[in-house]
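You will see chain A twice below: alongside chain B first, and alongside chain C after that.
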Partner chain A sequence: MALPLPPGLTPPEIAFLCEMELVTVIPRQRLEGLELLGGPLKPLNPPQRSNIPLWLALLLKRQRRANILPPPWLNTHSLTAILDHETEHADTFSPPPRLPSQPSDNTLPISPPFLPTSTADAAPDALPYHWLELGEMLLEAAADDFEEPDQVRKLLRGLREVRMAKLRSGVEVLDAAGGIKMNGVGGMEVGEGRSFITGVVDGLRKIGASREQQRKDRDAEEAENGYSGTAGDYDDDEMDMQ
Partner chain B sequence: MASEQRLRSRQAHAPGATYLAYTPNGKKLITAGVDNYCRVFTTGSDDEPITVDDCQENNAAVVAGNGFFITGSEDGTVSKYSLEGNKFEEILVRTTLPVRDVALSPDGNWIAVASDELSVNVVSTKDMTKVRTLRDQPRAVKHVSFDKKGEHLAVSCTDGNIYIYSLDEDEPEMVKKVDGMIKSLETESESSSKVLWHPDGRAFATPTALRDVQVMSTNDWARQRVFKTGHTADITAAAWSPNGALLATTSNDLNLKLWDTKTQKLLKTFDDVKATILAMVWHPSENILSYTNNEGELFIHTDFVPGEHLPLLNRSTVSAPFFHDPSEGRAGLASAPQANGTTRELPGRPRQRDGTPDSLDDLLGPDFRDDEARDDGDEDMEDFVVDDDGAGYAQAVNGHGKRTNGHLNSVEPSAKKRATASALFRPQIHEPFQPGSTPWRGNRRLLCCSLTGNVETVSQEGRHHTVTVNFYDQHTFRNFHFTDIFLYDKACLNENGTLFACQSNSAGDGNPAMIYYRPHETWTTRTDWRTNLPTGESVTAIALSDSYICVTTSTNYVRIYSLFGLPIRVYRQKSSPAVTCAAWRDYILTIGNGPIQSDLSTQLLYTIENVKHDTIYQDSDILALPPNTTLDSVFFSASGDPYIYDSSGVLLTLLNWRTNGQARWVPMLDTKCLLRLATGGKEESYWPVGVAFDSAGVSKFHCMIIKGREKYPSAPVPHLSEFSFQIPLSSASDRKKTIASLENEELSDDEESTGKKGENKQQEHEQSFILSSTLHAQLSSTLTHTRPSLSQKQDLTNLEVAIDRALLQLLGLECLAGEDHGMKALEIVSLMRDANGKMLDLAGKVASRYGRDVLGEKIRELAEKRAAGGDDEDEDEYA
Partner chain C sequence: MDIDDLLAEVAVDSTPQESRDLQELTRAWVAERTAPEILNWPEELMERVLERIRRQIELVEDQTGNMDPKTNFKLIVIQTELERFKFLVRSFLRARLKKIDEHPLHIRAQHTASLDTMQSLLSPSELQYLTSHQALLSQHYSTSFLSQFPASLQRLDDTTGGISMVDKPDEDKAVFVRALRDIGTVFIEGTDRRLEVKRGDVWVVRWSAVRKWAVGSGTGDVELI
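Coming up: the complex of A and B.
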């Protein structure tokens, strides 16, 4: 029997991927440089800020060896602005952070774990791919480093609800040729929406398939009954539809 | 007492809530109550009062100006009456809900109307169409109160918060929401939450939920001293005496209490009150307190202040009860140095600013003050505070040995006085300061901020402080705190230890000034030590390095000690009086006031020396500051280069300072040009802490970002932020624009925007070129005078490569721009350092790639010339 897991990634897996994101910490003690699989880590030297992977930052935070600086998009001011944008534009999601301009030799990484979208100098006006997981994790582990943790929690909750509602309402148009624009949807949202959306698409496909079959049968019948003049065109169209 | 027997009630109105007001000259007293008339009493006459008919009923407030008075009624009208004809003039405001309070601005031009509506209207008394509306409070408003200059309006809202509005601009702006001061009261309640502005204009007081009166300073919104009133019911009215030296409070428990502002001690309790007093006013000049109660009665209490306390009432304006007077400023100095023979006053006793109780000035009263003395000292002082950053700097001492009280004058500084003051020859000496220290804010102050940690002191009840030292690296060091009976007012902190200094007589027993060094860690028992300075000498600044301690004193001595308290050197500073000092390893940087400039401020002079080698690198050289700016901080970077930060927000470093006469100040960062400020709307300042390498080996400026109009960090101490150096070449808004256009350009890829992009890139490369060249000059100057380490040599080469790379990029852009840019392109090539010998080849390749053959030829010629003899190059320039 197959693994009883739904297709796609489970939330813990998405959170695990999110832990690769770089965040800015203010170390509270010295730490020698580390040779990690993801690349060497510079020595930590208080009070200098340093960008380290989230998993390490959470580890140090739990041991009270560092303070995590929340990214600028995770303050109440920016979140309120983004939430306003989300509620005003009912059909689109707020845009993802802009990519830095590409150098000519195509050496710059363009996917989120390798782009510092959650460090202290990230863009304050856009939610990065891992916004929900990162926000939740930081609020859980480092709530004392936020200025207004409760307010941020509330805003994150609001954002999540607005965007999930959009995702669900977008399903309505997911018929055979339909589609919704999912620019700016975060990792956790994709994971959450996946089972539902694929289920809906699959169901719609099944419903559509039987109806299609009926029509095909009827057309074939009609063709046999002697409307052969236009039958060729019909066949072509049907081939396209399939 | 006879005075009390004379006190009799006057039935002014029908039983019910009654309010009163004095005209500014104190001649008339107006009462308003539940019935439909107002009464005008004349001070000093027992005649029947004049009755002004045709009023509204149920008046809730009355205010009086020169020649008119205004009442606010619960039927929602605010009416103006003339005092000349004693008749109704006009209705200024109508509200839909009952009016609760009316306040008149000190100039009599504006009234603020509080009603059960959510907004407060500020209406001109001359032209009722001029209305300004304040809407930031979420609930109905109980009281409104103008400050003494009419610039701020305090709104006591029923949600338990005070909203302070600035009325300077046309559009009123909320500047501060003070929560937790007042009790949340209903608008009909007899209890009061009114904001009482202290007459000195720097503080206000409110009744609190605990039935105390809490004072808050307005420059930093810090809580100051408390009058523990001991009333057993909510306070219903309170009033400062006209000079602020006394406070009267009363409450539902039918007690009327008189307090001394200076000591917050109870002077007298009047328990003969028959009904709850709802409003209370002091006569503007005489010893009279008048009050009205909720029975419609008016009491005119003559000789209110008992005879033994009368001098308090008669003196000039008294300072509000601060923990630490804000005018002490950043240096925390109570007065100028002792050298000029004046008496010292101590930070712990800020209210002692008038003379002794029976000094001549006190006996004669404010009218007989020596105006000359005020002219040359006080107004000037006030100018200084206002014109500068508002932080207040140390007090000047006038010839009578008293601290000036210019800032206490409730009247605004008159232009005439200012003119006469500036006509005198009065140089402005730069205030001495300790780098990294802040002025008192409430009872807290930072003594030192460094990249190691910070030192904070908290003044406690009963003349002692608690000093806390916090480290950033909490693993290597352990935070500690101790009780400080010497009242240390200066501190330095580095990896090895903490250095403290206190002023003479700080413990109150005539102790001399002292320095105290406490190492963090020793391998023997504790080796902390204290050294006293000679009597009469006070410390102006201290500095701590890895090997020496430097102390500048009021007698212009520079005293250098080893870390174990051994005096190494004592000499007199050439530029005086001393401003501050800094130290790094063997290097000592001292700064003093030099000659006077054309704007009467002094020019600052600095001296850098090496204590170990006994060499002076720069002697009394000029510390370059633009006009009207002051020095905010001075420190050495982690690599040992001097940096200064001035009040205009520019960070400068000293280049080539090891060669006499070659030193120059180079701006490394202008915080006004930071990109984060480019969008505007953000108001913040930066508190410099240090310059150090980050993990990538790049020098960064470390500072604390101070939000809003504040200048200094306060508890909790903000996180450090880092900024890369950026030599000011273009303003932030320009850069923002080019970046924005660059982003748009990705969407619309047309010709014009690529031109813009080129321009933007050019700026970027120009910045990188000049920054790398400056850092290169800095590092190479260091390396020629010290034994360079391998990594430093590597850094130097890296910087050379960085310069060449920036130039190469610029060359590419010039080649792209066209043939006519050939001259500039060749100039760029000639600037190349050619560290690895390949740069000129590369430049030739760039030229040929863009098809600039003539340029390529010239570059080859240049390369050949250099290859032939590198030394010829310099001579070429002379030729």
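Coming up: the complex of A and C.
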């Protein structure tokens, strides 16, 4: 019964997550409103656009009940611009879509796959978290809804290669402490890089474990003796040496 | 705060409970699949979700046999979604079972400690599974070989001699996290590293350093990805 998989999401699980992303469809048939487990589904009235989860959009598309409107970032113009940005900035990924304004404290903050980053009115200039999976799935199931599917496919491939190269060259900055910032990374990229990156960080930490332990002991001792009584006063070390 | 912020807040608050539960469950599932430790049992969330699944199954059973093509297609949609939900719940529970199997004694101690707080670590059925599985195992060990050892060597949770027999997960394991709110400076114990974590940031960081903010084990300001 216990799950036989190692920690971390497998590619099918990442695709499953991606299928919760909202996309915009133009229904070709009416569908009454439904009370689904994940919240009510509004009635679909052709030709009114509607935002629905990707899994449902794919189901409707396969049965020719709807057409999917590709998100604004998934076309040749936007992808070319993003690809240029990726090639120019060799160290970082292109920035993720702008977050909606901060919700108040008592509400649950929304994050991918529930941010509307792939609907028809999403930002055209940034790759959302599930860009690769979403792009691939739409190209596979709804290629006829794209203007230039082959061009888009080619650009996605280019983006993937540029970004994988960055992920690989990022290996050089890995160290025992961890703390690597990876803003703009995609879901599938996390999945692919996870075991290697966490493996290296964990391995290095184990090698340096005794030194770290010494330091922890020293810090604890100092805190006890009141040397660094005020936490955050980083000048203490230098003053001790004088 | 301008008018957009106000509007956004109203929009968030008007999200139906069902949608929020789906978001919460998804987050809990990803967290459980990626965290090195077992996380708190989200009791209220699971009660609501399981109850809804039960009702939805009843609805599907009621409507099967209806040959009207329109209702039929509605049913396909409902069933597809139902299967997705069942997968989420099942995978979540199985990921927890795996951790319980790996570190039973450690988790039992943690659970006992968590009884004093508001949040218990395990669900009643998980605790029952752990206890009876552990009872069967120790009985088996003792009849097959442990009983022939000297009495002082028969324990399975010996902690004398500076080495504990109770295995526990590696709490310093690196994890991928995304900040849902600004949380300020994070210190990594034993090193000089200090991280400035802002909303929307993605970091690779030790689990022990962010645990108190994580979903399922802390304030929920940081989610695992």
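Following the convention adopted for this analysis, the second predicted complex is superposed on the first by the 184 of 242 C-alpha atoms of A that agree within 3 Å, B and C clash if a C-alpha of one lies under 4 Å from a C-alpha of the other, contacts with A are read in each partner's own complex, and residues count from 1 in each chain.
Here, a residue touches a chain if its C-beta (ideal position, glycine included) is under 8 Å from a C-beta of that chain, and two chains touch if they have at least 3 such contacts.
A quick note: this is a predicted structure, and the numbers were derived from the prediction, not measured.
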item: Partner chain in contact with A:194 - chain B first, chain C second, else both or neither; value: second
item: Partner chain in contact with A:7 - chain B first, chain C second, else both or neither; value: second
item: First, second, both or neither for A:26, with chain B first and chain C second; value: first
item: Partner chain(s) touched by A:182 [first = chain B, second = chain C, both, neither]; value: second
item: Comparison of chain B and chain C by chain A residues contacted; value: C
item: Shared contact residues on chain A - chain B and chain C; value: 101
item: Chain A-facing residues of chain C, complex; value: 4-5, 8-9, 12-13, 15-16, 18-24, 26-27, 30, 33-36, 49, 52-53, 56, 70, 73-74, 76-78, 80-82, 84-85, 87, 91, 94-95, 97-98, 100-101, 170, 172-176, 178, 180-181, 186, 188-193, 195, 199-206, 209, 223, 225
item: In the complex with chain C, residue positions of chain A that touch it; value: 1-5, 7-9, 13, 16-17, 19-20, 31-32, 34, 36-41, 55-56, 59, 96, 99-104, 107-111, 113-114, 176-185, 187, 190, 194, 197-198, 201-202, 205, 212-213, 215-216, 219
item: Residue ranges of chain B touching chain A (in the complex, touch as defined); value: 451, 472-476, 692, 694-696, 700, 702, 719-720, 722, 742-743, 746
item: Footprint of chain B on chain A - complex, ascending; value: 26-30, 42-50, 65, 67, 69, 98, 101
